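Pasting the structures in now, so scroll down.
What follows is chain A paired twice: with chain B in the first complex and chain C in the second.
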Partner chain A sequence: MEFRPDLIIPELYQLLLIGALFIQGIADRPWMPRVGKWLSWCAGVGILISAGSLDLNGLIFVGSYRVDTLSQFFKFAVSFGFAVAVLNATRQPTLEKEKHCEYFMFMALSAWGLMILSSCVELISIYLALELASFSLFPLVPLRSGEKGAAEAAVKYVFFGAAATAIGLFGFSLILASQHTTYLIDFMQKPWAWSEAPMAVAGLTLFLCGMLFKLALFPFHFWAPDVYEGASNETVAYISTMPKLGAVVVLIRLSMLLKPGLEITTILALLAAVSITYGNLAALIQTDVKRLLGYSTIAHAGYVMVGLTAGTTEGVAAAAFYSFIYVIMNFACFWVICRIATDGRNLKLDDLNGLYKRAPGLALVLAVGAMALVGLPPTAGFMGKLFLLTAAWNHSYNWLVVIAAANIAISIYYYLNLVRHAYTKEAPESTPTAVPYPFFSLLWGGLLAALLILFGILPGLVFKALPPSL
Partner chain B sequence: MEGLDLPVLSILIFFPAAACVGLFFMRSAQVVRVFTFAVFALEFIFAFPLLRFRLNTPGFQFVERIPWVEGWGLEYYLGIDGIGILMLGLTLFIFPLCVLCSWSAIATRVKEFHFCLLFLCSACVGLFSALDLLLFYLFWEATLIPVYLIIAVWGGSERQYASLKFIVYTLAGSALLLVGIIAFRIEGGTFSIPELMGRDYPFGFQIWTFLVMALAFAVKVPMFPFHTWLPDAYAEAPTAGSVVLAAVLAKMGVYGFLRLSLPLAPLASQYLAPMMIAFSIASVLYGGLMALGQSNIKKIIAYSSVSHMGFVTLGIFLFSMRGFQGALFQMVSHGITTGALFMLAGALYERSRSYEVRENSGLGKYLPAFMGFWGFMAFAGFAFPGTNNFVGEFLVLVGAFESNIWIGALVVPGAVLAAAYMLRPTQKMAWGEPCNVMEWKDLNVREWAYLLPLAFIVLYIGLAPTLFFKVMNPTLNNLLEMFKP
Partner chain C sequence: MEILAKLAFALYALVIITGAIMAVTAKSLVRALVGLIGVMIGVAGMYLLMAAPFVAFMQILIYVGGVSVLIFFAIMLTKASPDGDESSPNSLRSTLNALVAMLAPGIILSVVILRYPPESFPRPTDVGAFDLGEGMLGPYLLPFELISIILFVAMAGAVLVAWRKWGDK
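So, the complex of A and B:
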């Protein structure tokens, strides 16, 4: 098992970006090019590199680092999301100029952590990658000038994150004590039923808490709406999408253990059901757009879990597909929010009024994004939900499928609210009429919306990169 | 399929959706209207190859089948039979008229309005030709957003409330339909409707899938007691919205019963038929009584819709040839006459800015042509012999009496009520005291242009229904075979 650097080209490239950002951050030269400009291009190249390495396969670093279709797919998703997040944040109004480098460096570092996480097949490395991804996010939250709420949000995020980590670590120790290994591959041979290995089950449950915190699944969701409200729009666009990918990939790796019928799977199914219902019900009454999307995140975390509880390759493929699609649809919505909030404030639903007149293109992007989040055809959100529910049917959690489907009807109300305000209400006279950078905002927003429709009509394009045999 | 080179159904589905793109490049409202009308007219012409539809063949024709998402069993599978082609014809016939009837009524955001209409047309055509369960569901849900926007943006004063109620109601109805579809996929191993038909599913499975499907379809039809969204949505929608809702979307529900519920869950359909018949009779009587009590013209038509659709569902769940035929006739006829009545109400609103009967009374002298059409359509609405509705309603009644004299006896008052609720406003509108002095202008050329074809069809179906029997009989016979003991 020799070291093969060609297997980790996307990670190396991302590390290169981080290094460049670091150097630019400590340097003090007036002629330095604007960081947002070159980084957007380089992040774009990163997508191509990840796409080029989709077919790689191998096992390195003493068997703890697995490069396979699953990990490469998620690396691709991460680099795609990173590029969109960078583009989205380049024109951030609430970030001082001198902090741009650091901001993007931490963001890149977090994305790097997620990339590594998607390849880890050993508990210690999973833990390290996870912490890399989370710790780099903590400094991003308070970077919002002139907003006291941001500091509060950051404190909440750190405390919640630290507590979740501590619990996860404790669970990790229990697993190690009872199963005597940290390799996921060896876990397969071990019993995971309460009657046979109670300590391991308790440990795994606690370890999962760390993941569920990232995923914002009920009951680890409390931070989500508050942090979303406090952090800047651009930061939230990143936090609400990307860490989910990391959590999902680890859960997918662990899902081999989560056979239907085991206590731990039942717990997860239960949490998923509560999460979906709670998230949707709480979102109904929100008037702050970011809080609304925060609760929607909680609901969507539950949807992804539906696929994972199936314990089949279809379920895993569906969950991977859905989390990728979720990144696109959430970014589409946040793209519009960030473009409209020209001064970086938190948007209320009423701020969307009359958007169809002010920015017809953005209104359409928002409509497509919201309809994808509901799960209406012909968007990719529909296909994602369909695959999740199909995969989970007849795997002993049919009630979960019914609850998940019934929740689509609840969620239409608040997602439709976004569309309703944008399309059917008139803006007051005082609202500024134009959105700055119309070409820039329309081009990339339109691209996200087009992707949502494209993957809705031809979901096979994504599944090609994601064979169900894992 | 023999000599079939063109994928006719695909063209019909994608042509309006593709034409949407053209709207982006247009500025003038008038150009948009002409363009959309031209697209729908072309769409109608593109449907001419469907005239090669072979009578006396029960199976699906014009079939197109391409694998879509491999590994998940999704297929792009289209085809029509005797039921589908009638619904398709109705859809293609109604949409161009919708453009005409909103020519002057829709003055704001004209482009978006026609965008919605084109998109909606694609979805409706797709729905009536889909033979893949999932494709069916996809088109089913795809109709929601355009209709929502049509009501919410161009509707009356209560449009926000009405549109939200509409979409939440329908989505709540159809959310569980998805679970049912998935269950069929797992149980039957495919999404293809023809292959799923005629298998022996366990009785319990049939019961719950039937109930799930029935909920979705009953909300859309709508059947009593799931009808409460209807008066608001129908009354608040702009004219074209009401027309499409009544003429096409309501048919989607019944079509769902015929295409999915009956063939896929035959045992449950028969077992639960008494419940469905009871709901249907309740719809007929309740809709009629409510219509009698309304003073708003659009609400009268809306409640009359509930009543008429009650006849349709009743016909279906009688499980007799007469019942089936009557139901299909009533579906087409209701689409034509109710659509026409809504268009007339819209034309009236453009003149008096009111839907109230008392503010539109005494028109016989000022608007003779309008009242002529109104009277004619109102007569058709209560199934006067010689009009299209008569054929359908009569057949359903015959079927009802054949199956059980009490069912027949219970729906006859519904037919009588229809005469009462249609004649009462007609009498006031024609000969009542003219309430306010204003300049009444009779129908213009555009209005003649969309009313005349409707009137022609009303008489044609009413007087010479044979062609329609020929189209539908083989399919209905086939369907009925499944229920022969």
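So, the complex of A and C:
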């Protein structure tokens, strides 16, 4: 089988960025232009490159690396998210100037890992690519200077992450021992029911524990709120969205095996239901905005699982669409948070009071982002949830769809609470009257909000890029 | 031969379990490290039983020879004292919790594996360095390369976290 470098142009470009960041990082004196300046432009070019390679198709690395519509769609989503994350973090107040290059290098490495992950169709490559994506995030968390909680968050993240990794690897060994292959394509011919291959089922369950940890699905969610609270706003914007893409793409690849009725699928559906309910109920009482969004991540992981348990192409397409939309809406909310927290502190809900007067543009972006997270029309969040639930109805477990729908009603309270604080409460006298923000920050935030509404009205724009049949 | 192999298995398992208990319960970090080395040697023995001598020697060379020395250096450099916060005795409750957490997966998995033994070869086939090389540069080329990048990330990340500013004394 011949190696075709033209198939992996987005990955090669990302590697080029990583190399450039590495060289600038080890330079003995600060180089011009500053890293935040050139990198946001270059990451923007990356979006175009991955958009241009959406139609590629092929199989390389001896069949362990599949370039297809699904992988290219997720690579596009990753490069989009990476560009927004870079743009979001260029003026990070809590990051020391000397560490900017390295900060972005690890972020780029993580995005690169996610890109590779979306093409892997071999279990150990999947595992390693996912580890690359999450290892690169470990050093980012403690980089928040002047914050004691950051070290605690980093230690929790690393240790829980390492334990999840070990469990996943143990599960991998059981799968290998009972199925004698690691290629997903060979897995299709093997039995995955408990009565036929109990060891493989046990192994896959353990392996999925590692994946679900990255997705922060209940009961592997416990690290998320603490880590989100300790890490800096900009880092959380990345951590809470991008690794989810990776976990979703792996679950999509594995969903070929997970037909409804299998024990693993039932377990996953059960976890999804608990995750949605728990995440929403816990978010109701939060006052810290980042913690609130942390619990909402747990709920959203559950929503994506609803589509995946359906086991149909519609369900998978809905899950892919939803995870892409989730990237946009989460970044839109974090965009506003990062702009308001000019000194990098953790925002309380009360800090949003009177935002409509201080920064009307940002308040609008926040309102659109929050409405998308709830799933109100005409935002893309509504379309995403609609597709998920309709795809799962009668194909998956109907009780799960009912629970998910009921939870949307619960989640309205705390998401719109953000909007309520921003619009109906007046700021106390002591706060500065206006948030100083440059024109560009409003422009990019407005762009994210506009995309949310655009994809809500015309979801076909995204679905066209999705595979017709997986 | 069958009986000898079973005896060897029992011996290695005993070494592993003793080492593991020692690593977890020892008060002094150095003793815990000795327990860990015992575990690693036992695991190397298991590899030999599976007819993978190359992997077994690498296990001894890298883990027993390299990694444990590194851990030993880390213990020396961080001046970990045996009477720190962690040295206070555990409560009965947390000991019980730990036991349950350890036994639950162990019992489930052993029941599964004993009741439904996976298909396996009656006698292990030799896996030499040649086969490993074929695998790593053949079907497992991509993971083989990815590991090197993960190692880079781990090292660079450690440097970044421990790094002070230029000229900061």
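The criterion applied here is as follows: the second predicted complex is superposed on the first by the 465 of 470 C-alpha atoms of A that agree within 3 Å, B and C clash if a C-alpha of one lies under 4 Å from a C-alpha of the other, contacts with A are read in each partner's own complex, and residues count from 1 in each chain.
Going forward, a contact is a pair of C-beta atoms (placed from the backbone, for glycine too) under 8 Å apart; a residue touches a chain by one contact, two chains touch by 3 or more.
These numbers were taken from a predicted model, which means no experiment stands behind them.
Asker: Thinking of the overlay built on chain A, is A:120 touched by chain B (first), by chain C (second), by both, or by neither?
Answerer: After superposing on A, A:120 lies in contact with chain C but is clear of chain B.
Asker: Which partner does A:61 reach: the first (chain B), the second (chain C), both, or neither?
Answerer: second
Asker: Between chain B (first) and chain C (second), which does A:267 come into contact with in this model arrangement: first, second, both, or neither?
Answerer: Touch status of A:267: no partner.
Asker: Of the two partner chains, chain B (first) and chain C (second), which one does A:49 touch, if any: first, second, both, or neither?
Answerer: neither
Asker: Kindly classify A:371 by the partners it touches after superposition: chain B alone (first), chain C alone (second), both, or neither?
Answerer: first
Asker: Could you look at A:389 and tell me whether it touches chain B, chain C, both or neither (first, second, both, neither)?
Answerer: first
Asker: Report the residues of chain A in contact with chain C in the complex, numbered from low to high.
Answerer: That would be residues 61-65, 96, 98-99, 102, 105-106, 109, 116, 120, 122, 124-125, 127-129, 131-132, 135-136, 138-139, 142-143, 154, 174, 177-178, 180, 183, 197-199, 202 of chain A.
Asker: In the complex formed with chain B, which residues of chain A make contact?
Answerer: 314, 356, 367, 371, 376-378, 382-383, 385-387, 389-390, 393-394, 401-402, 405-409, 412-413, 416, 420, 423-424, 459-460, 463, 468
Asker: With touch defined as at the start, can you tell me which chain B residues reach chain A in the complex?
Answerer: Against chain A, chain B makes touches at 68-72, 109, 112, 134, 137-139, 141-142, 144-145, 148-149, 152-153, 159-160, 163-164, 167-168, 171-172, 175-176, 178-179, 182-183, 185-186.
Asker: Could you list, by residue number, the parts of chain C that touch chain A in their complex?
Answerer: 108-109, 112-113, 115-116, 118-120, 138-143, 146-147, 149-150, 153-154, 156-158, 160-161, 163, 165-166
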